[in-house]
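Below are the structure tokens for one structure; questions will follow.
Note that the chains are named A, B, C and D in the order they appear, and that numbering of residues resets to 1 at the start of each chain.
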Amino acid sequence: MSSPTLYGLCGAVLVGLGLFGLIVHPQPLRKIVAFNLIGGGVFLLFGVVARRGAAAGFGGDPVPQALVITGLVVAFAATALAVALLLRLFHETGRATLRSDG
Amino acid sequence: MAFDTGLAVLVLGVAVWTITARDTFAAVVGFVAFGLLLALVWVRLAAPDVALTEAAIGSGVTGGLLLGAHTHLRRTETAAAGELPGAALRLAAAVLCAMVSAGLAAIVLLLPEPAPTLAPQVAANIATTGLGNPVTAVLMAYRAVDTLLETVVLLLALLGIWSLAPDRVWGGFPGPHHDADPQGVLTFAAQLLVPVGILVGVHIFWVGSVAPGGEFQAATILAAMWILAAMVGLVDAPPVSRRWLRILLVAGPAVFFAIGLAGFAMAGAFLAYPPPYAKLLILTIEIPLTLSIAATLALLVAGPPERAPQR
Amino acid sequence: MANSATAGGFLLVLAIVLPVMGALLSLTLGGRHAERIALILMPVGLTVAVAIAAVVWRAHNVLQYFVGSWDPPLGVAFRADGLSAAMIVTAALLISGIGLFARAQFPAQGGAKARAPLVFWTLLLMVWGALNAVFIGGDLFNLYVALELLTFAAVPLVSLDGRAETFAAALRYLLFALLGSILYLLGTGLLYGAYGTLDIALLSGRIHAGPVAWAAVSLMTAGLLAKAALYPLHLWLPPAHAGAPAPASAILSGLVVKAPFFLVVRLWFDVMPGLPEHAAAQVLGGLGAAAIIFGSILALRQARLKLLIAYSTVAQIGYLFLMFPLAVRPETGHPWATAAWTGGVLQAVSHAFAKAAMFMAAGLIAEALGHDRIAGLAGIGRALPITVFAFGLGGLSLMGLPPSGGFVAKAMLLTAAVAENQWWWAVVVLAGGVLAGGYVFLVLARALADAGEPLTLLSTISRSRQAVVVVLALCAVLLGFVPLRPSELLQIGRPGLPIAVFR
Amino acid sequence: MSLGLDVLTILAVCAGAFFFLAGTVGLLRFPDALCRLHALTKADNLGLGLIVLGLLFQVEGPFAALKLISVWLLTLLAGATVTQLIARTARPGGTPE
């Protein structure tokens, strides 16, 4: 097995792990961490696709690499918005759970 | 190969720890470590640009943001943990997620050989962009419209965060105020580190056109230096209603749009650069863009306005 | 397809650039100017939208633009077919209507009251730009960025009022939307890994049935379903749509949920034409049917008007997905598939108008009464007759009664179901109509009941706002006069399917 | 000559690795945040310093050596700053936010 494939398998497992955390954890902060873990796995798969496409003297296909950079920045923006919403929810209700509307 | 195997196992180990740790603090610390290990993986995958971004944004700033959130939410931990779903549901979720992983793993093994790639096309056209770094060429030329919309996404997230402010503090200062301790070791260290960090940021920006680096990585480093200075109390965030701040935030995307639209006249298409001036135009976009992104990232971390503006 | 940009392609750029630049300008100049910028851009954007539709119609071909003159697969293409044109015009009309309605609710103000107007007007423009980007996106990753733009514009609208429960609703919406995006992105990565392009037109030529394509499309579809709130991924929708201020609810329910649906259509019909298995389409249709039945029943059980309307959105989204088992007929190119296609798209358009009108009517009623409990609506029919009339007109579309766009849409789905020997979908369409009749009449009966004593309204509702609501509801009714046959406009850009003739 | 340098490198890197190991064990075993920070700084300062020292015997040219030393200095500076920040929030009566 080549090392890109190895990291590809690693990314596959990360997606599943993150998905599990997102479903199971009741705390929104843990869900946010889990979402970032899924993101890590997905980006890793892009990286593997890029590495496999190494050609023309480049170590990897630059297109998926650029897509990952865009994706990382978007994921950060998402995390920041989610954290801000969560903190606001906490300051307003004293609780940090999604089960507030009952 | 042995190194790669070890690294992959380590990444997965830390990931498992991040998901299964009882304590949220441990999970967040695990996530930061995960991000740093992932940056190493990116180096192994011959993607140094991504490695820099991952270390700076994926691990660094995101980690800081999550740690900050955790200090606020510490007290809610036990109450929320009580809502853990039952064992049957968890088992079902585990089976589902294992299936997803297995399916994805199979797909990875089934990817075609030789792999399709756009690398030759990127290389064939890179001369017209005047750039030496292929990733920057993709971000700023071939797929510039993605990058443009992405910077708008960042701004939009910031507006979303600001919109959470209660009306009475609208337009005020984001985040809590930190007092500087003029004699403190921390202040001293920060005073030393911030200028060095800014220098590093400028360097990373400058080399981005030919070597790994670029506006996002540089902006993150600049933002991190600003956040550090704010946490130590050396600077305070400006009130979000300040006109100059709004202009600083919007300047990057605005210049990007302006040069993009000028492309209609100069090169016959939106976001097209006439080849002799391509590098100059891209640099003209990148400078304000880096500053705008840095300001946006820093304010994303600072959060919604919390202190009313003095009127 | 020609290997260059089509004439008039710059209109596609304007459709995105104008609203987004307007939003940036609003953010810079602040609350007092935000409203003015939005109001100026509305007629301009509407003109651009109509021009795009006109160009597509006249050329009878796909309008195409290569950004930066870089040909795909290296560059990003914008493309507008008949479906895009219809959606762009719908969005422009609705945004303009909602903007006119919202003037009284979010007037330009300074000081501490400046927050909500600035955020609302800026996000209204951003939603518009993002929707246009979704409707004309020709590149799967560019569409991901457009989807994120839409999500980040939509989520803060939910918590615009700053009430505690809306923060929880917004957070839940965000988490669902983020999961949806990341699954979509994962599928995008797999497609690139297998075929080396993200351009929809190029992909449709390269893709072939196999595990990689299947996994990618399943992941992307699942992610988009979470964003479209298709049963059983609908849990986030009712609190989010009901908690937002009325004009925001109208945007969210009328337009925002249509974008992921639109992308599922793109994925199934354009990225992999002829590839989808009948069984997979049946699954989508089954989820749609479940959404219709459960959404309607839950709507019937609501005590608050806005929640009722929100659950009705869950049900009406279900109809959209009935289009898949009826229109995906790869083996023969069944003539009735085009009827189902028109029916599905028409349902999306007419529901947009009807639902926006109903949410805004509910907003006016809540403003006048100070609450939106259905049990306490008695007498409102006399106090706000125009508003209640508009609510009823919108209800026609939901029930599928003539004259309304909903009627034409559901009639086409029904006919296609019968003609294709898939009668079970016809049963669902009819049952959904009856249930919708139940919850619409439940509200109307209360509203038209005699209060006994004259109502004291908390605030007077201006005629002009009521007029906007009626006009939007009338748009849904007018769609009922489109001929009951597959639309020629919507077929532009579709592979040459024989068109069925209704009699 | 080269053998002697290699031996020096091996010794210094091994010593550095030992401090990293000790620091990690300390991080995991020490009871509270301040003690853990203490353990971590040992890894940063001494561990990394020794590894950099070891690598210095192998580099070609003064520029590469300067780069290595800068890495160490920057890590020291960043480490000191972050440690102070963490200690401030961890301190009982500190300013948590």
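One rule holds for everything that comes next: contacts are C-beta pairs under 8 Å (C-beta built on N, C-alpha and C of every residue); 3 or more make two chains touch, one makes a residue touch a chain.
In this text, all values refer to a predicted model and were calculated from it rather than measured experimentally.
Colleague: Which chains, taken as a pair, are joined by the highest number of C-beta contacts?
Modeller: Here the largest contact count links A-B.
Colleague: Round to the nearest whole Å and give the separation of the Cα centres of chain A and chain B.
Modeller: 12
Colleague: Please report how many Å separate the Cα centroid of chain C from that of chain D, as a whole number.
Modeller: The answer is 56 Å.
Colleague: Need the CA-centroid distance for the pair chain B / chain D, whole Å please.
Modeller: 26
Colleague: Give, as an integer number of Å, the spacing between the C-alpha centres of chain C and chain B.
Modeller: 31
Colleague: By the touch rule stated above, which residues of chain C touch at least two different other chains?
Modeller: Where chain C meets two or more other chains at a single residue, that happens at 74, 141, 145, 148, 152, 155, 159, 167, 186, 190, 192-193, 196.
Colleague: Among the residues of chain B, which are close enough to touch at least two other chains?
Modeller: Chain B, residues with two or more chain partners: 68, 72, 104, 107, 111, 115-118, 122, 142-143, 146, 150, 153, 156-157, 160, 164.
Colleague: Which chains touch which?
Modeller: After working through each pair, the chains in contact turn out to be A-B, A-C, B-C, B-D.
Colleague: Where on chain A is chain B touching in the complex?
Modeller: Touch list, chain A to chain B: 3-21, 23-27, 29-30, 32-34, 36-37, 39-40, 43-45, 47-63, 65-70, 72-81, 83-88, 90, 94-97, 99.
Colleague: Using the touch rule from the top, collect the residues of chain B that touch chain A in their complex.
Modeller: So the residues of chain B touching chain A come out as 1, 4-5, 8, 11-12, 15-16, 18-19, 24, 27-28, 31, 34-35, 38, 41-42, 44-47, 49-50, 53-54, 57-58, 61-62, 65-66, 68-70, 72-73, 76-77, 79-85, 89-90, 93-94, 96-98, 100-102, 104-105, 107-109, 111, 115-120, 122-124, 134-135, 137-139, 142-143, 146-147, 150, 153-154, 156-157, 160-161, 164, 214, 216, 297, 300-301, 303-304.
Colleague: In their complex, what parts of chain C are in touch with chain B?
Modeller: Interface residues on chain C, with respect to chain B: 5, 10, 13, 17, 20-21, 23-24, 27-30, 65-70, 73-76, 111-116, 119, 122-123, 126, 133, 141-142, 145-146, 148-149, 152-153, 155-156, 159-160, 162, 167, 186, 190, 192-197, 210-212, 215.
Colleague: In the complex, go through chain C and note every residue touching chain A.
Modeller: 74, 141, 144-145, 148, 152, 155, 159, 164-165, 167-172, 174-175, 178-179, 181-182, 185-186, 189-190, 192-193, 196, 239
Colleague: Applying the document's contact rule, which stretches of chain B touch chain C when the two form their complex?
Modeller: That would be residues 103-104, 106-107, 110-112, 115-118, 121-122, 125, 141-146, 149-150, 152-153, 155-157, 159-160, 162-168, 170-171, 241, 243, 246-247, 249-250, 253-254, 257, 260-261, 263-264, 267-273 of chain B.
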